[in-house]
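Next, two complexes with subunit A in common: one pairs it with subunit B, the other with subunit C.
Then we have the complex of A and B:
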């Protein structure tokens, strides 16, 4: 999920701080065993999300999926261990997910990429290029929905030809079309002046 | 605005011993230039030669004093390219980030990037799309964003490779209107002959070479005659 134009108080906090606190809290959640403290943190995460002016339509489906998954986890853990332990685990996971939603939905994608680039900057010492890694990450996020569209189109076309249950008939055109997209996108990167050499190494 | 001349001198392009373009000699100085021709005739290759996406096997392509073989990066700053399928041209997940992408490659400072993005969105009347996720755009919106991403870089020439192929009538007319408003030179490769009515010059590409070069009406008549032969 990508934050578009959030104007809440959370959006004004620097991304580095938000992600740092999220990391620390996520680790801390596993060090806390008191279910009352965990419940308090869960309530706090709900309040954060409710006051973060996020678009609830955007997170409706993920929240439903999360609820279903955590219900299964709760039941399985409850049966295998005990119900208090199951409650603690579910509270931890829920709190972590809600905090993550609050952070990601109040941070602009560009700001997240910049932060990622800063965090990944040590890879320069082993010959890596953080800008390239950040671009690859953003393009992955950008093109997952496109590839899903292609998959649906290919599946429909093969269904119309009576080949819907043939995995090869779907996979081969999907791979070929994906390669064509990759080719055209590489051309677009060139046309838009992308230079794969990092600024520091430019001659 | 004084536009640099685009000159193709003895240009040939070959892939695997097959002539895609053969001995092209043209000089492009007009503001609105159309390129028409059959599928596989070499139109797209010709358009890609003009900003160095394809390099000639023989001959040279000059934009002002620059040649695509030696100055491809500088030329790409002067010559923008709008692809047939805008979905593959949009790189970033958010529209405003995508328009800023090319500006970042020009190493412009962030405040100037933001200003140019807003100005371009406003120029094309698509400010409401700024914060949209790219994959949620319609075909017409994607084509406008692709144009915005090129316009933001303030090129002197914009090449359009079959820009209306994937658009419905309404979006096609809207896009045609935007092209007509451009202050830049526009070179449009198309099968959509109506777009070319107000153009100054149209090239007809058949069998890997420029078969006709002249006024739109004459060029379209030549192309129709060739298609019926």
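Then we have the complex of A and C:
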């Protein structure tokens, strides 16, 4: 779920602020018990999502699956406790998810990732290496299409042998080829003298 | 084995990235249907279990963490093309967090227990127990209370609800164990 050229007012707010507000509101939602307050917050989140000019095609499927889960929750809670309680629970979750959609759909993926890396940067005080984190994240994104291709190839090859639905026959070659790709990439990085240690630690 | 530290650090990072990509790829493809289990099985948690069983506790947990971070940041990597902040805040967010601890526990058990067993049967049983403890026990331990807190449904009902996934998860645990032991046999020193 990525902001595709969203130009609304929400897109101009810094990701850190949006994320912070979402976090605070999520906690607050669990502390609020009055259904009128919850209902008004829900209406507010709907307004927020509607005015954010998001692409509704992107959230159609997530909304459907959310609706299915929430109706199950509503019925279960209604029977087990009382219907007002069920309403509160459903409003809470709906509000939280709509707010989360509003943030996700108005924030560029790169901006979100950058925020996470900033949040994670204190790991260097406990011996972690932020450069390695950045490398792992960007390398994963680069490897996903390749691994998907390998997976499709292996499944097709095993399909030809009549083993397409045999998880063992599919997974073992997939894992072996993944390990080979990893070894080759590590060697290539070493051969090019990639040094991921931060400059300050170099002697 | 003596390697200079930056080289092995790079290698660790590459392994983490490749396995994270494998977990993601497993979620992108249509699920496998089996005759014995009615629900189609997505292989994504198989990837989570394998990352722990093959890479060990630290790198395994990091692989799962990378997938969770990328999905929460907005990539539609989770099965069914889900992604974004809502997957973490929603009622099933706990299972996602559980992946990280699940692969950590599986990795630790494999490294310090399973791979020190001798004899095929002992190894298989230890491996299966480890994957069940980490890949089902730990993941459900994070997911079930989370659902219960997020929705207000009581713990018991939440537990019963998660039981629908148990047959598929048990099946994946068996596959993980067989695959991991096969791969460890041909790729020695994967965890050293």
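Just so it is clear, the second predicted complex is superposed on the first by the 141 of 203 C-alpha atoms of A that agree within 3 Å, B and C clash if a C-alpha of one lies under 4 Å from a C-alpha of the other, contacts with A are read in each partner's own complex, and residues count from 1 in each chain.
Note that a residue touches a chain if its C-beta (ideal position, glycine included) is under 8 Å from a C-beta of that chain, and two chains touch if they have at least 3 such contacts.
Please read these numbers as outputs of a predicted model, since none were measured by experiment.
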| task | Could you look at A:5 and tell me whether it touches subunit B, subunit C, both or neither (first, second, both, neither)? | result | first
| task | Applying the touch criterion given at the start, work out whether A:65 contacts subunit B, subunit C, both or neither, answering first, second, both or neither. | result | second
| field | Touching partner for A:82 - first (subunit B), second (subunit C), both, neither | value | neither
| message | Residues of subunit A touched by subunit B versus by subunit C: which partner has the larger set? | response | C
| task | Applying the touch criterion given at the start, work out whether A:22 contacts subunit B, subunit C, both or neither, answering first, second, both or neither. | result | second
| Regarding the shared-chain residue A:156, is it in contact with subunit B (first), subunit C (second), both, or neither? | neither
| query | Thinking of the overlay built on chain A, is A:191 touched by subunit B (first), by subunit C (second), by both, or by neither? | reply | first
| query | After lining up the shared chain so the two structures overlap, which partner does A:107 touch, if you call subunit B first and subunit C second: first, second, both or neither? | reply | second
| task | Tell me which partner A:146 touches in the superposition: subunit B (first), subunit C (second), both or neither. | result | both
| Shared contact residues on subunit A for subunit B and subunit C? | 2, 109, 135, 139, 141, 146, 181, 185, 189-190, 194-195
| said: Help me check something: in the complex, which residues belonging to subunit A touch subunit B? | reply: 2, 4-5, 108-110, 135, 138-139, 141-142, 145-146, 149, 181, 184-185, 187-195, 199
| Quick one: in the complex, what on subunit B touches subunit A? | 48, 51, 53, 73, 76-77, 80-81, 83, 85, 87-94, 97, 100-102, 105-107, 130-135, 149-150, 153
| field | Complex contacts: residues of subunit C adjacent to subunit A | value | 6-7, 9-11, 13-22, 24-26, 28-29, 32-34, 41, 43, 46, 50, 54, 62, 66-67, 69-70, 72-77, 80-86, 88-92, 149-154, 157, 171-172, 175, 178-179, 182-183, 186-187, 190
| For the subunit A and subunit C complex, residues of the former touching the latter | 1-3, 19, 22, 26, 30, 61-62, 65-66, 69, 73, 76-77, 80-81, 85-86, 88-89, 93, 96-97, 100-101, 103-105, 107, 109, 112-113, 116, 129, 132, 135-137, 139-141, 143-144, 146-148, 150-152, 155, 165, 167-168, 170-172, 174-176, 178-179, 181-182, 185-186, 189-190, 194-197
